[in-house]
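In what comes next, chain A is part of two complexes: it sits with chain B in the first one and with chain C in the second one.
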Partner chain A sequence: MDKEQKPELICPAGTPASLRTAVDGGADAIYCGFVGPTNARNFPGLNFSLDEMAKSVLYAHDRGAKLLCAINSFPTAGRTDIWKKAIDDAISIGVDAVIIADIGMADYMSKKHTNARIHLSVQAGASSAESINFYCERFDIKRVVLPRILTVAEIKKVHDAIDCEIEAFIFGNIGMMAEGRCSLTNYVTGLSTNMDGVCSPANFVHYEEDENRNLTTRLGEFAIDCIGCGQNAGYPTICKGRYNATHRKGYYAFEEPISLNLTHLLPDLIDAGVTALKIEGRQRSKAYIKSVVSSFRSAIDAFAKGETPDISDLLALTEGHKQTEGAFLSKKWR
Partner chain B sequence: MKSNSHFSNSPFGKQKANKDKANSLKNLLPPLPLFILQPLLNHIVSSVAKKHPELFNRLGDSANKVFLIDPSDLPLFLILQPNPLNPTLKAYNQNEIIEHDTYICGTFATLMQMIDAQSDSDALFFNREIRVSGDSEAMVALRNALDDMEGSLAKDVAKSFGVLSKPVLLAMQKFSKNSGKENG
Partner chain C sequence: MKTKLIIGPNLYNWDPEIWRDFYFKIADEAPVDEVVLGEVICSKRAPLFNGFFDEVVERLENSGKKIIFSTLAEITSNIDRRLLAKQVSQKNIFIEANDVAALLNINNTPHAIGSYMNVYNEEALEFFAKNGATNITLSPEIPKSAIAELNKTAKNLNIDLEIIIYGRIGLALSARCYHARAHKLTKDSCKFICDEDPDGMDLTTLEGREFLTINGIQTMSYTCLNLANEINDLQKIGIYKFRISPQSKGTIHASKVFRNLLDNKIDKSEAMVLLEKEKINAPFSNGFFHGLPGNEWRV
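Let's look at the complex of A and B:
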């Protein structure tokens, strides 16, 4: 990798303090969302008011960083005005791009804000060159965030056949859902990951630990995991739960608690044409942001100099203390 | 104080919490003279509320909840009620019956590191270094509200003691360090 190829480091922020931490830690761009259902991390106490977002734009720009506003959930019938207002607000305060998932909102933004930059969210689930090019032609998409289902070799093929930049996740939470359409939480709670922006709403989550420190995690009325004393825990999501079936007891039917970590694939991703490397975790703390951002900043800079960085300490921040290169390395990764 | 309907079924309810306390080595310690500690806690909560009023916006409805904070290596509980009109932080001896909506437990050092953004709370949960139960929505809101505070809570509190700020900070750091050692 030479200097011209050095990719952008895209970092998450759930609060203004996290955003400042990411900027100060060396992020090239930070993505964040407004309070409410318009972004896919609609958690209690998280996200930005319009005033906080405007101040954050200034903070980022003063330090040479960009702010990408995630409006990446799917409006349901009768609620599109909330998403349209979020887009108008974001543009009015000078964000560098809006990350859009819904095709209707992409259409709205491309017509109303013709000079604004649209990034296609991972939530849109666009994984083929034909699909991505459709978005480019119709809505002038400048960048696509690829679903975490493609191998590096496939990313290279997509790159060679599309008319926009590629952003790829390199670290953080990973799920086996078809990106953009997860109905598991909706089934149990009535609230949708992709339409209400909330996966496993906190008011439905309950933890129970017995006297031997065995931890039971519940979502609504369903026990979704039982974790023995001394075992590492994961997020309380249905896709990371363990289940009993007729042929097998207590197994991870969908996915284990595990985090994506593509440190060792960074040179391959960049050679494949990836423009921007993205860290997941707007729901995580400043401590996580500080550690992950500085580690990947150092790693990218080291690779650019032809050195091999050591960022093995990131394992401590992974879900369940486990990490994977997921589908980026092999389709048979489970 | 309120009790959460879900919470009453939790093994981390008040009876369980007190049973754990009774079984722990720290129970060998005599009850603390809390009347000495309380003015310090009043000072902490009022100085934080004054310096970080935005914290209450992030808490939303969870500002009306009752949080039981259990430093597992100390013979006491803390009860936080972050009501914006009258925020309180009160200490109780470990054998007292305390009703609450949300429970969080960890060593004093772990709790301080989490509040001061030195450790990631999700990672602490994954590693089982903190235990939580009760109203998860309130817990998440409090975590995010505290995490949006700029700087160090320990330093802010120490600073509010004026000329005594340096010895207060050193005492807090020393106590936190010893707490971490004792608990691995």
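Let's look at the complex of A and C:
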């Protein structure tokens, strides 16, 4: 790997304090969103006011980092003005790129702000060279955030066939469903991941313990899992629950509650042509951000110098939690 | 405007001969105007139906039904890409795109946008219309208020919005095959075991409550969408194209019931009684339309 190939480290921030932590920890760019429904992590207590975002842009720029603003949910008809204003605001305060998922908003931004950088959100679900090239052709997108469903070998082929940069997730929580195309939360709660920016909203989550201390986790009326004494109860996300099917009982029908960790695949990802490596977790604490960012910073710097990095810190971060290389390692995952 | 009924794409892995006979019956008996053919869920399944495809097309065309050719909803592997390339390269057919990838080479040829694409707002609608779309089937999760707003724009752009009114609801797609996973197999080694479940595989909670349905890489509702009670509302909004999603039981029956309902030969309570008589073994739901959880039924 030569210097020019050294990838950017992209880190999440749910609050201005987390953003400063990520910048100070060595992130090349931070991604974050405005308060409200315009971004896909519309959680209570998270996200930035316009004033906070403006100050954060200055903080990042003063220290040589970039700020990427996620405006990546899908506005429903009759309320697109909120999303358009968010895009206009983001550009006016000098963010380095806007991460967009909705094709209508990509069209709006490419016409209104012709010189601004559009990054295609993972929520757009562009999983093939054909799809990415369509977005490049029509909206001149500069970067695609790839869905977490491709193998490294497939990423290489996509890279060779498209005209924009690739950003790939390397660490954090993973959903199993194609992003931007999942109505499971809405089926149970009446709130939509695409339209309201929520997945398994906390106010629909319940934990019920029986007399034998078995804990049932529930989203709305539906049991998502039941955990015996002493076991870790995961947050009840539909795609990480246990269910019964005709031929298999009490199994993780979609995926085990597991974290993505591509530390071992970093060199392969970089060789495949990935420009930016992304850490998931805008909902995570400052302390978490601090350790993940600094660990990945050292790992990437070591790889860039041709050294083998010490990744024990990164492995320790997920200690006690199962981790996976998900779809990235081989087609066998599918 | 004359109301139109459409049979949507078959989403399941049926025995090819049953598949053929289903469409022969649609051609002969179903009072529908359009039929959508083509594999949407799994590129591995598509070749299974090749042997009967031409005769099905011919029979449907001879019965006066317009045929729409649907494309894959998710394009990931090389097999997917090759199937998509084949689907969109055929001349003189009307394509329904279910993934943005299908649009790359469509080049302003008139086409439809399927329910697996995200069309939630006026700007998206306008973009697709300018790109050559003449018909858009909305995602079933879009509520009445947004359908009404969208249809105002659609009218101005001179394109049709189509609403899915009957059948299990597609809720999510994945790269992983969950049918294979349930049998401890993988997508590449799946042995096509999804053919055991003509209406998908039930997934119940650990408490035994029916919850979801697995159809290969697709996760669907356990409930069966039924907008018989909402047809009037939809017509008032200005919608006149209605889609029924094929199931192993009651599809042609449902098409007749909805035809009669649309023609005011029966009312909605009569329609409900008839629809209950012949259907798959799952309750009805209409929650999404009302902005409620999609699994719910609002009377």
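Quick note on the criterion: the second predicted complex is superposed on the first by the 317 of 334 C-alpha atoms of A that agree within 3 Å, B and C clash if a C-alpha of one lies under 4 Å from a C-alpha of the other, contacts with A are read in each partner's own complex, and residues count from 1 in each chain.
By our rule, a residue touches a chain if its C-beta (ideal position, glycine included) is under 8 Å from a C-beta of that chain, and two chains touch if they have at least 3 such contacts.
Please read these numbers as outputs of a predicted model, since none were measured by experiment.
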Partner chain(s) touched by A:77 [first = chain B, second = chain C, both, neither]: second
Which of chain B and chain C A:149 touches, first, second, both or neither: second
Touched partner set for A:188, first chain B, second chain C, both or neither: second
Chain B versus chain C as contact partner of A:253, first or second or both or neither: second
Which of chain B and chain C A:306 touches, first, second, both or neither: neither
In the superposition, chain B vs chain C on chain A residues touched: C
Doubly contacted residues of chain A, that is, touched by chain B and again by chain C: none
Partner chain A, residues of chain B touching it in the complex: 6, 9-12, 16, 19-20, 57-60, 62, 114, 117-123, 125-128, 131-145, 147-150
Contacting residues of chain A [partner chain B, same complex]: 14-18, 20, 43-46, 49, 201-211, 213, 215, 229-236, 257, 283-288, 290-291, 316-321
List of chain C residues in touch with chain A within their complex: 74-77, 80-81, 84, 99-105, 116, 118, 120-128, 131, 139-142, 145-146, 149-150, 153, 169, 171-178, 180-184, 186-188, 201-209, 211-212, 214, 219, 221, 287-288, 291-296
Complex contact set, residues of chain A against chain C: 74-80, 101-105, 107-108, 124-131, 133-135, 137-138, 147, 149-150, 154, 176-178, 180-184, 186-190, 192, 194-195, 216, 220-226, 239, 241-248, 250-251, 253-255, 327, 331-334
